[in-house]
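Letters A, B, C and D mark the chains as written, and numbering starts fresh at 1 in each.
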Amino acid sequence: MIDKFVPTLAAAMAGIQDGATVLAAGFGPGTPATLMQGLAEQGARDLTLVMNAGGRDDGPVADLLRTGHIRKLICSFVRADSVAGRQFAAGTLELEIVPQGTLAERIRAAGAGVQAFFTPTGADTILAEGRETRVINDRLCLLEYPIFGDVALIDAWQSDRFGNLTHRDSARNFNPIMAMAAKQTIVQTAHVVELGAIPPENVHTAGVFVQRVLHVPV
Amino acid sequence: MSGSAFKPLDRDGIAERIARDIPEGWFVNLGIGIPTKVSDFVNDREVIFHAENGVIGIGPTPDAGNINPYLVNAGVQHISLIVGAALVHHADSFAIARGGHLDLCVLGAFEVAENGDLANWARSPDEPVKQVGGAMDLAVGAKRLWVAMEHNTKGRGDSRVRKICSYPLTAKGVVKRVYTDLAVLEVTPHGFAVLDMIPGMTKATLEERTEAALIWP
Amino acid sequence: MIDKFVPTLAAAMAGIQDGATVLAAGFGPGTPATLMQGLAEQGARDLTLVMNAGGRDDGPVADLLRTGHIRKLICSFVRADSVAGRQFAAGTLELEIVPQGTLAERIRAAGAGVQAFFTPTGADTILAEGRETRVINDRLCLLEYPIFGDVALIDAWQSDRFGNLTHRDSARNFNPIMAMAAKQTIVQTAHVVELGAIPPENVHTAGVFVQRVLHVPV
Amino acid sequence: MSGSAFKPLDRDGIAERIARDIPEGWFVNLGIGIPTKVSDFVNDREVIFHAENGVIGIGPTPDAGNINPYLVNAGVQHISLIVGAALVHHADSFAIARGGHLDLCVLGAFEVAENGDLANWARSPDEPVKQVGGAMDLAVGAKRLWVAMEHNTKGRGDSRVRKICSYPLTAKGVVKRVYTDLAVLEVTPHGFAVLDMIPGMTKATLEERTEAALIWP
């Protein structure tokens, strides 16, 4: 019987290696806060963290950064007045800033087997300096590569034992695409449902993309 | 600065002025800041508002007692949905922006140049903070890009309406129209054309307050 | 008030120009048969038709090909013993064969603003002859371009007046991505529903991608 | 041809032999033809079957009286869904195939070469019919590619298990294992290794029926 549920946070986080690239979903709601806490506790070092924004001084990203286990942050937005901003200024955190849509598309590309793509976004900005560009259909485009995750940390509203997920309202955000893009996709779900409770046509993230699910009631 | 009798629009005033130009049926993304306020002024028309985090059909700001913690806009402020809304994931949401499906995007800016260049994400190439967000995607992807900003900087009063942008660009040649607290300017192949001014504003004063050349009707 | 419903098939098909590229969805179920019939009747010539397969001797594709209005077919699969196969053999139909996944990805790219992408699919086959390839991460990849539609013909199970759609079961197939990829997306829907009847989290194709909807009861 | 006492597997027999090697929990795409039959033989395990047209979790073939006209597989045959199925659109479905999410894909073939090359879509480069379908996507994307085919061609009895493919390739170096009516062959860096043979088959006969060299355990 397929059963992707794991009993404990430690079991959910087991085996994450030093140097791993970790995709963490969330845009306000939809942030897998328990799993991010678990990552801070799990002890893997030298991590690359991929998420939309570097956060503020509190919350799951800040907690994770404070443990000092993050070597590099790939995101679209960092505030000067935040843990990430100060670590970057102090030279203890590498930073790769990616336009938010390009970030989403690079993550999806990793999940979909696209090995590189050309986009106009950022092509005529300082973000393109020293990088490969090409004019396609009269538009200057920038070559972008997929962001593959070793691990994805995902938030869900419902999960069945196959790992079929729903996400509530705008808590969906990066969750379905990050789930696609990692070798090991770990989910925290607010609700556990019976197989079949989620209608097939309304599954938001299919279980094929999910390896482990932890029940974290809200 | 001129002493002529005019009262610059406040932030709500700029938003209201923009709202007046949005026809029913448009599909619109509003940036953080002044742009976010635009939706408050189009209640008489069906205009569909999009947010980068996957919301299609943003409704009115909810009362404190009716907040849905799972529902925010691109500024992570609590929102409601209109009847007929749809929710998608981040890549699909940016497919809307980047794929040319937005009739309009309204963004804030530090500077706009007469060739349509937009600078709205950094004040220096080596600024330690990096706040790109979704602006570059929206700027290149929307069918029309309008900017909402104050005409001049606070303090020194420098013109944000420029011959050439001095800050790092968000995208080149993308701005179609600029709504400031003083005027509405259209970006044309020949530079900024004045479409409208606030009551009491004069040609001389607007030119004094604007670094770029202005084309008068 | 936004209302994308049109009253007649002629109104749905109005304005399609000679030389247009038409994306037609369907993989068995999900084929917009009425709209394809409407296209045959509408009279536009010299069309490029993009769909999964060239069909057999009967059905909507065959009918459309028989009118002689299709100059070129872009698809993943053509049978020798079919209208398309015989027209190609006779030299009256141009054919561009695209692997099915690349076809789907090229259509999605058009909808998503991706200007080109590299994929391993087909890179080491005769389909890549004379085309740009590149080794990325030790894999030979082929450069593929988006397929933009002037028109998309779409099948839906439900539509509201904003053009928010659901697709039934595997009738979904190419419908959501073709709807994204065309300037003029025309839908035939089995059911008309009130605004709000489709829960926001379960809209399969958002109205932003839809221009016209025709009610074609089943 | 040898006269030794063996009975080649029929198409169901090949499918049954493949099914035996699929462990519970795998996520599997089955091509048209013999591969489609594989799912009939794994009823004792939870194996999830994917179809290119967006079906995740294909169930048993429905009776004539229980056909859902909106639900087909990649061969456009009517199917049912398992409990726990999911439905996605074509790009998402091929993201599964191309993005490396399939544990296994089983395809039919005209020929397989000892370096893992696969030829299954055309018998000549200038063949007028072009039946690529999704095979190239599946061949390069799946974690494992197994082939189900008859060992020899009908009529002439030519070996489909080849030193080099003579037909246009679907993809190079992708096949991991070949299940024929006579044997199971693993593609190794040194060529085809024999994993299994049907009852009554001998080394000599299998070598006689096979163009490529065989590696024996």
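Going forward, a residue touches a chain if its C-beta (ideal position, glycine included) is under 8 Å from a C-beta of that chain, and two chains touch if they have at least 3 such contacts.
Note that the coordinates shown come from a computational prediction; the quantities given were computed from them, not determined experimentally.
Engineer: Kindly list the shared contact partners of chain A and chain B, in label order.
Structural biologist: Under the touch definition, chain A and chain B have C as mutual neighbours.
Engineer: List the centre-to-centre spacing of chain A and chain C in whole Å, with centres computed as mean CA coordinates.
Structural biologist: Those two chain centres are 32 Å apart.
Engineer: If you average the CA atoms of chain A and of chain D, how many Å lie between those two points?
Structural biologist: Inter-chain centre distance comes to 35 Å.
Engineer: At what distance in angstrom does the C-alpha mean of chain D lie from that of chain B?
Structural biologist: 55
Engineer: Scan chain C for residues touching two or more other chains and write them down.
Structural biologist: 105, 108, 112-114, 119-121, 167-169, 172, 200-201, 204
Engineer: If a residue has to touch 2 or more other chains to count, which residues of chain B qualify?
Structural biologist: Within chain B, the residues that touch at least two other chains are 81, 87-88, 91, 94, 97-98, 140-141.
Engineer: Mind giving me all the chain pairs that touch?
Structural biologist: A-B, A-C, A-D, B-C, C-D
Engineer: Which residues of chain D touch chain C once you look at their complex with the stated criterion?
Structural biologist: Against chain C, the touching part of chain D is residues 51-55, 68-72, 76, 81, 87-91, 93-94, 97-98, 125, 128-138, 140-141, 168-172.
Engineer: Flag every residue of chain B that touches chain C in the complex, lowest number first.
Structural biologist: Residues of chain B touching chain C: 24-25, 27, 46, 48, 50, 56-57, 81, 83-88, 91, 94-101, 140-141.
Engineer: Enumerate the contact residues on chain C facing chain A in the complex.
Structural biologist: 105, 109, 112-121, 134, 136-137, 139, 141, 145, 166-169, 172, 200-202, 204
Engineer: Please give the residue numbers of chain C that touch chain D in the complex, ascending.
Structural biologist: For this pair, the touching residues of chain C are 27-30, 52-53, 76-80, 85, 88-89, 95, 97-102, 104-105, 107-108, 119-127, 157, 167-177, 204.
Engineer: Provide the residue numbers of chain C that touch chain B in the complex, in ascending order.
Structural biologist: Touch residues, chain C against chain B: 1-2, 108, 110-114, 160-162, 164, 180, 195-196, 198, 200-201, 203, 206-209.
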